[in-house]
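As written, the chains take the letters A, B and C, and residue 1 is the first residue of each chain.
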Amino acid sequence: MRSDGPKASLGLKISAAAGLIFMIAPLLLIFVYAFTTEEKSYQWPPPGLTLKWFEVTLNRPDVWQALTLSLQVAAISTAIALVLGTLCAAAVSQSDFFGRETISLLVILPIALPGIITGIALRSAFSIAEIPFSFWTIVLGHATFCVVVVYNNAVARFRRTSKSLIEASMDLGADGFQTFRYVILPNIGTALLAGGMLAFALSFDEVIVTTFTAGQQQTLPLWMLEELIRPRQRPVTNVVAMIVVLVTTIPILAAFYLTRDGDQIAGSGK
Amino acid sequence: MTAAVSLQGVSRHFGIIKAMDEVNLEIASGEFFAMLGPSGSGKTTCLRVIAGFEQPTHGHIEIFGENATGVPPYRRNVNTVFQDYALFPHLNVLDNVAYSLMLKKAPRAERHKAAEAALDMVKLAGYGTRRPSELSGGQRQRVALARALVNRPKVLLLDEPLGALDLKLRESMQEELKSLQKALGITFIFVTHDQGEALSMADRVAVFSGGRVMQVGTPEEIYSKPNSRFVADFVGSSNILNPDQVSTLTGERRWGSLRSEAVRLAPEAGSALAGTVTTKNYLGATTRLGIDIGGGSIHALVPSGQELPDIGARTGVAFERSALHLMETEQ
Amino acid sequence: MTTTALAITERRPGLLGWLSDQFWRHPGMFVLLLLTPPLLWLGIVYIGSLLALLFQSFFAIDEFSGIVDYSTLTLKSYAELLRPANLDIIVRTVVMSALVTLASAVIAFPIAYMAARYVRGKWKALFYLGIMLPLWSSYLVKIYAWKLILAKEGILTWVFESLHIGFVLDGILAIPVIGGNSLSVSYIGTFLVFVYVWMPFMILPIQASLERVPVNLIDASSDLGATPQQTFRKVIFPLALPGIIAGSIFTFSLTLGDYIIPQIIGSSRLFIGQAVYAQQGTAGNIPLAAAFTVVPIVIMGLYLWMAKRQGAFDAL
């Protein structure tokens, strides 16, 4: 850890390094276990390494179904969150209306309260309104807590986009819709993309709310939860775990590269 | 001849704050018009109302005889040079300048040609492919100017156009703006808090205070015949005489203003006004003396080279009666 | 250059042109229109659900039929919370949340301090990703990783045995209450996983508040003769405190409501989240479940109120 300014003390270096290792090493372990030949236990060190379980996993229809469902839910929830989050951010940053603090709080609440509360509240509301569980009840829950990620990213960028840019565009003859297309969208585009990526990762991984809003259908995290409580074929779980790590890493890296120049750091408000 | 811009009883209230209060203005076609005032005086709000960024709470606006009340900015053939320039960061200089032509769906080649010509006009030919972030402040302002002029608007609005530039750049830009306006014949309206800038550049000046227009007139009128204490004070270098002092001189109980350079030093005996010298500032060609005449002080700009009383010495003050301007209002 | 004769141009034809003019004339209406979809969604669907849940806590289940009696409002469910078994659950959860928060702060601080003050350039980006990737990677996978680590035949046991200090592990496991058959069924295991999963949420707020401490303030302190320890205690720590409190909002709240971690790694003793889950699920006692959810809401409300007074929200 090179530093240009003052030198960090050895104790600080060691404790920071130890902390980072504590954070990262368990995730790397997942990659090793995906190749183990051991079937019945979590034996370490692995008695042997094999690629066999990748093939087995690829041929498991339940894994594919869960993966497809998760991707669909994440895609649609992200789309809804993008619309709602951008609208909210635009309204909050375009004017100083009464109650904008309340709006911010409202958006943050679904993620600030423990997930179990959001989950059980939605579930009891579904039962009161006699809405049967379906694909859409899962989406409803996910979109609710994904709004905040898009909102945070969009609000930060709106704040940087000076109001006079919008005025300049209108001054030069662009009406509201043209201004949105030619000035606002190009300026907030990367922030929205980053927000969308993070919302996707959040939805793809969510389990706590989903247990309450899903009926018979299994998203990938629900499938994993089932395997954690009642393991059936451990090596398949190992492989799925590795795939999940990879799938969530991509949008996070993408969001990082999209927002690294300036802005607040994407994802700090998970 | 119809006025370029006509405001009739225009008010703009933000809650209880009256940013503009019953403003009436007629700005003639082809005029170089300045709106002068301290911050919060309503001059910028007035500019924004003309551009269409703000809507009047009451009153009526016409632009070249056409009703502009309730017309959004994008339908007014009025363009603005913003104080922060507001160049689009995602477009290069050429596309910034060609933005309004793009909206009009002008063919690509045509709009690029027009944009090049506009850049040439502001002496930035060849800068088209740069990003706004790669330009200096002065260059950005020229781009903003080219962008606002490329469409040949009926009226050009400039919000504190020289505020962010350094002194030397400001002077050359003043010249350029004036000659540009002459060449194009477009009505220019600019907002400034700098009285020197307003007086030296504009054909006519409106002085704003507290959301109201205090006085409209040529720089000469504003300078030598301020109609109120506020104008005399803000435009500066005028002495203000209170009604008591004025009445001893003229018999009329009115507020009066007296330009510093019209004040001469005279022997104390025989002078209507006399006092003690309190300050003495050497300004090069002239020296500025502050003289306490009891109930206020008077400044005199005296050509350098003549013998001056010391600080603390008493002196008389003289001036031509015609140099004393009596004001109409009480404020 | 084109010349336009008119001072006022015609509206763009079509609905969009008309709408655009209307929005400009009525900016308040426009903002309202922007807000309508999100407000309908969050305000009505989400807040509505929360209120409905809260409302249900004021009913009680009929002890004989096992059916919720919606005819009378009662505080019976809240009284039930105070039964020793339920009170136990609440105390256990709050103590665990507090310990997890404390441990998270201790581990997170050096990382945040290093990231805020010492690493620059390429290292900073790497450091940042090293924090963000674990923060954002799958919750369940993280738990699963620890199931692998803590298992009796897993890597931790192996490490202890390889170092010939297996007796240390056995000794720890033999401690009453916090020990157990293996780490994965003990409180220690639950605690470790909680810390692992929620600790990353502590780093960024601390880092943010430390980055706002001017470097010359620290230099000034050592110029005035303070030892590094004194500088830390008297200057750095107080300035970082809002960040620590902001981070603790996450670690505390997230631990308080979690029901999956103690279900997978830990003993059979319940936490609030598990109690809620069990009451609404198998027991079918929605009113009691609702009353249970009020507990974290109230605790978090108090916590947020105190945090706000400490100025922690600026560090969020």
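Here are some notes:
To be clear about the criterion, a residue touches a chain if its C-beta (ideal position, glycine included) is under 8 Å from a C-beta of that chain, and two chains touch if they have at least 3 such contacts.
Computed from a predicted model, the values in this text were never measured in an experiment.
Comparing the CA-atom centres of all chains against that of subunit C, the greatest distance is found for B. When the interfaces B-C and A-C are ranked by C-beta pairs in contact, the top one is A-C. One finds 54 Å separating the Cα centroids of subunit A and subunit B.
Computed from the mean C-alpha positions, the centre of subunit B lies at a distance of 56 Å from the centre of subunit C. Each chain gets one centre point, the mean of its Cα atoms, and the points for subunit A and subunit C are 15 Å apart. Looking at subunit B, one finds that residues 52, 72-74, 78, 104, 151 touch two or more other chains.
Residue numbers of subunit C whose C-beta contacts span two or more other chains: 9, 20-21, 24. Among all residues of subunit A, those that touch two or more other chains are 170, 173, 175.
Those residues of subunit B lying in contact with subunit A across their complex are 51-53, 72-74, 78-80, 82-84, 86-90, 99-100, 102-104, 147-148, 151.
Per the touch definition, subunit B reaches subunit C in the complex via residues 52, 55, 63-68, 70-78, 101, 104, 106, 114, 117-118, 150-152, 154-155.
If you check the complex, the residues on subunit C that touch subunit A are 9, 12, 16-17, 19-21, 23-24, 27-28, 31, 34-35, 37-39, 41-43, 45-50, 52-53, 56, 107-108, 110-111, 113-115, 117-121, 123, 125, 127-149, 151, 153-155, 157-158, 196, 199-201, 204, 208, 215, 228, 249, 253-254, 256-260, 263-264, 273, 276-277, 280, 286, 289-290, 293, 296-297, 300, 316.
Chain contact summary for the complex, subunit A toward subunit C: residues 1-9, 12-13, 15-16, 19-20, 22-24, 26-27, 29-30, 33, 41-45, 83-85, 87-88, 90-91, 94-95, 97, 103, 106-107, 109-110, 112-118, 120-125, 128, 140, 143-144, 147, 170, 173, 175-177, 198, 201, 205, 207-208, 221, 224-225, 228-229, 237, 241, 244-245, 248-249, 252-253, 256, 260, 265, 267-270. Contacts from subunit A toward subunit B in the complex involve residues 162, 164-165, 167-175, 178, 182-183, 186-187.
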